[in-house]
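Going in written order, the chains are labelled A, B and C, and every chain counts its residues from 1.
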Amino acid sequence: MSAEATQPGSVPFLSTSRQLRHRQIRGQVMRLLFLAATSVGILALVVLLWTVLDRGVPWLSWHLITNMPSRKPAEAGLNSALWGTIWVISLTAIIAFPIGVGAAIFLEEYAPKTRWTKALQVNISNLAGVPSVVYGLLGLGVFVQFMNLGRVVLAGALTMALLSLPVIIISSQEAIRAVPLSLRQAAYGVGATRWQVVRHHVLPAAFPGILTGTILAVSRAIGETAPVLVVGASAYIAHRPAGFLDGYTVLPMQIYGWTQRSQDEFKNGLAPAGIIVLLAVLLLMNSFAIILRQRLSKRSQL
Amino acid sequence: MSVEAAVSSDPRSAEIAQALRGSGRRHGSERVIEILLGACAVLSVATTIGIIIVLFEQALQFFRTIPVSDFLFGTKWTALFKDGEFGVIPLVAGTLYIAALAMVIAIPLGLMAAIFLSEYASPRLRSVLKPGLELLAGIPTIVYGYFALTFITPNVLKSISPATAPYNVLAGAIAVGVMVLPMIASLSEDALRAVPRSLREAAYGLGATKLEVSTRVVTPAALSGIVSAVILAISRAVGETMIVALATGSKAQLTADPREPMQAMTGYIVQVLSGDVARGSTVYYSLFAVGLLLFCMTLAMNILSQWFVARFREEYQ
Amino acid sequence: MSTVLARPVVGTRPNVPDRSAHAASTDTPVIIDIQDLDVFYGDFHAVADVSFSVPRNRVTALIGPSGCGKSTVLRSINRMNDLIESARVEGEILYHGVNLNDRQVDPVEVRRRIGMVFQKANPFPKSIYDNVAWGVKINGLKVNVDEHVEKCLRQAALWDEVKDKLKDSGLALSGGQQQRLCIARALAINPDIILMDEPCSALDPISTLKIEDLMRQLVADYSIIIVTHNMQQAARVSDQTVFFSLNEKRQGVLVEASPTTELFTNPRDKRTEDYITGRFG
């Protein structure tokens, strides 16, 4: 390389060192800006959690879990709400899991790829995007009023099951689709029927993914307020449900009720404490899902 | 060598031929299973039909009392008052205003986060930031609502502008924006990552900087996915209930000042059902009319977002 | 990779072992008779007008350049093409007087009698024992399972290598062992015929030769149809060879079906001659 060629500016198509520095600075600035944008979300998360913890921790106690709601802040608790959540969500899972997985199996293994099955698929995707409050209205109209169940656990669970179904179906479909074709071919090759292939090979292989997806869908249902509110969970229930046809409240409902009280202890003490309990429950479930998935995946590497 | 001769020389042939032709043995139970599974799938159709029937049928009852044109074009919503008026425009305006402000926060931040995660972040940084954003998406909306009501309004907004009302649009919009931010970030990032490496390499090969490649090559290529993500986020914001119920108030009015309260469609539904409402009353039926409108809006947006991707998806080959 | 053995020097022919005692002659009974087979994928006519017969207790090799429909024809025999949405098979595949391609014939029953070994070994993610036993279980075969599993593993020349670790996962075996496990699995349901779709293409030469030896032993009890892109293998292993190629319309067609010795020393069709001497393919 001749001496002239290395002089900045002397070779026409190379930028000057100053131009280059500008571009580099601009690149770095933008990189930081992008990083900052990403961090804003995390920052908001931190502030949110800090606020909730700061206000709620002083109100955390075993009484919070064992007491029933009360007009007196010192005596109020989440017991009825926790039991209500357990009742409703258990029933939701029992209803939604088999139906959701069944639908996923049908769509992936049995249904021929016609216009109709494609329409079915689109329908399920659209249902996943319907606001949860509309599911509440559906529940109100059909289960509470038309079937005359009233504002009971069963109505709430049926509504939440319908809400969770599209999510369970979609995640189960993904898990089933991930099972390699070669496994199915091998099973068909020894003269297995479709159900035998599904039951003995496809489902066991897809199970970790299906289970994880269901647990995540159910844990989302735990945090949903709008549909249960519409369907009639009350914020003033002070007993645990006696049966599926009994009145009930759930955790987010109780929290909502407390935010509506005028007393500061409810609004800025018990409500954030309730939120901590709710977040703890969700954290527990999500961790459980992740651990379960890891353990099951490892086992199926057999 | 003919097949007939082969057949007659094998005594098992008749039995085998029989088995091959008519094996009803296994068919019965297989058929039953297939029908059961199909029923599960068809239930999803039943859900959609159920939603449509319930909303329409109950809304129809509403429109017996209140004419559709009054509902759709009226600008006063005083439903819970005696001789109330039912013009839905203030509710729709509230919903859309909140959604729009939320998007002002969520779109730029979400998109920049997506670009960062997809183009800039090292795998290690990504493994920290991405779950962090996902965590944000997993927080129940009531927590966001509480945060908006008891922190954003009194601590943030009031200190910036003391004239902020205790219930106001801005607090709700900020919370909704933060809530949908991970959704935009995640879906846009998927769209960005789907752009093939070869496109980036071609641009780098021409001497472009990372910034130029990211913003001028990759992002436009992923545009259909990004737009679709944004539309879905708007749909989510429109359907959001608890945040607006807690933070933006129950005053159905038309105003341009985001420090004032406004009521969203979803907020109205919560307000009514938080109190006592007589079944069969106009107010009761108004819930379903508003719900129907909400359903149509979000459905239209969801379909639009799917259509957008299908129509404008870049063919990379 | 067995392709090391694949391409001879242009102008020479593969060596064919003397198997005259075993040659497929007109006296050998036929177990499958394929007549006018056409296969379509959607609108695309992939395989056109194929007819040949498969002799019993012999090895029949289907050879030809890639993409000429050999695997498609093979998979039609045990109705595996049913698993592909867009595939349509027309024509007759006669087995014990029954057209296997008939819609009334249950593909599950077909596959019970006609087993398959795939290109890439695909043992179940189960133990070695369960891999072999599963087919027996679901088909309800009345046998002593332990003895049967041993018998099949012996027939597949795998018993000595795995007899102490039957509970280990099938996936823990080497490639060649996995493929022999798949052969044992196929044998377990007592088929008449075993279809092999390029069973050695993913294996090293030693494993390949082991499986080729296996094939020659198995013909005593089974009829074998093998698809291979390796001419040397076809010449070594088969009694009858069927050569496929593509016509001007890019459809797979049958060019020639002859006893192996004849096809490789004195082919009737010029295309066959060109292929086996390596001038194309």
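FYI, a contact is a pair of C-beta atoms (placed from the backbone, for glycine too) under 8 Å apart; a residue touches a chain by one contact, two chains touch by 3 or more.
Keep in mind that this is a model prediction, so the values were computed, not measured.
Colleague: If you take the chains that touch subunit A and keep only those that also touch subunit C, what is left?
Modeller: Looking at subunit C and subunit A together, the chains touching each of them are B.
Colleague: Which of the two pairs, A-B or B-C, is linked by more C-beta contacts?
Modeller: Pair with the higher count of C-beta contacts: A-B.
Colleague: Can you work out the whole-Å distance between the CA centroids of subunit A and subunit C?
Modeller: Measuring from centre to centre gives 49 Å for this pair.
Colleague: I'd like the Å distance between the centres of subunit A and subunit B, where a centre is the mean of that chain's Cα atoms.
Modeller: Measuring from centre to centre gives 14 Å for this pair.
Colleague: For subunit B versus subunit C, what separation do you get between their C-alpha means, in angstrom?
Modeller: 52
Colleague: Which positions in subunit A are in touch with at least two other chains?
Modeller: Residues 193.
Colleague: Where in subunit B do residues touch at least two different other chains?
Modeller: Within subunit B, residues 26 contact more than one other chain.
Colleague: Hey, what residues on subunit C touch two or more of the other chains?
Modeller: 108-109, 113
Colleague: In the complex formed with subunit A, which residues of subunit C make contact?
Modeller: Against subunit A, subunit C makes touches at 78, 80, 83, 85, 108-109, 111-113, 115-116, 118, 120, 122-127, 134-135, 138-139, 169, 171, 182, 185-186, 188-189.
Colleague: Given the complex with subunit C, which residues does subunit A contribute to the contact?
Modeller: Spelled out, the residues of subunit A in touch with subunit C are 112-113, 182-193, 196, 200-201, 205, 300-302.
Colleague: Quick check on the complex: what are the subunit C residues that touch subunit B?
Modeller: Touch residues, subunit C against subunit B: 26-31, 33, 53, 55-56, 94-98, 100, 102, 104-106, 108-110, 113.
Colleague: Would you tell me which residues of subunit B are touching subunit A in their complex?
Modeller: Spelled out, the residues of subunit B in touch with subunit A are 26, 29-30, 33-34, 36-45, 47-48, 50-51, 54-55, 57-58, 108-109, 112-113, 115-117, 120-121, 129, 132-133, 135-136, 138-147, 149-151, 178, 181-182, 185, 209-211, 232, 235-236, 238-242, 246, 266, 269-270, 273-274, 279, 287-288, 291, 294-295, 298-299, 302-303, 306.
Colleague: Across the complex, what residues on subunit A touch subunit B?
Modeller: 23-24, 26-27, 30-31, 33-35, 37-38, 40-42, 44-45, 47-48, 51-52, 98-100, 102-103, 105-107, 110-111, 120, 122-127, 129-138, 140-142, 145, 162, 165-166, 169, 193-195, 220, 222-226, 229-230, 232, 252, 255-256, 259-260, 267-268, 271-272, 275, 278-279, 282, 286
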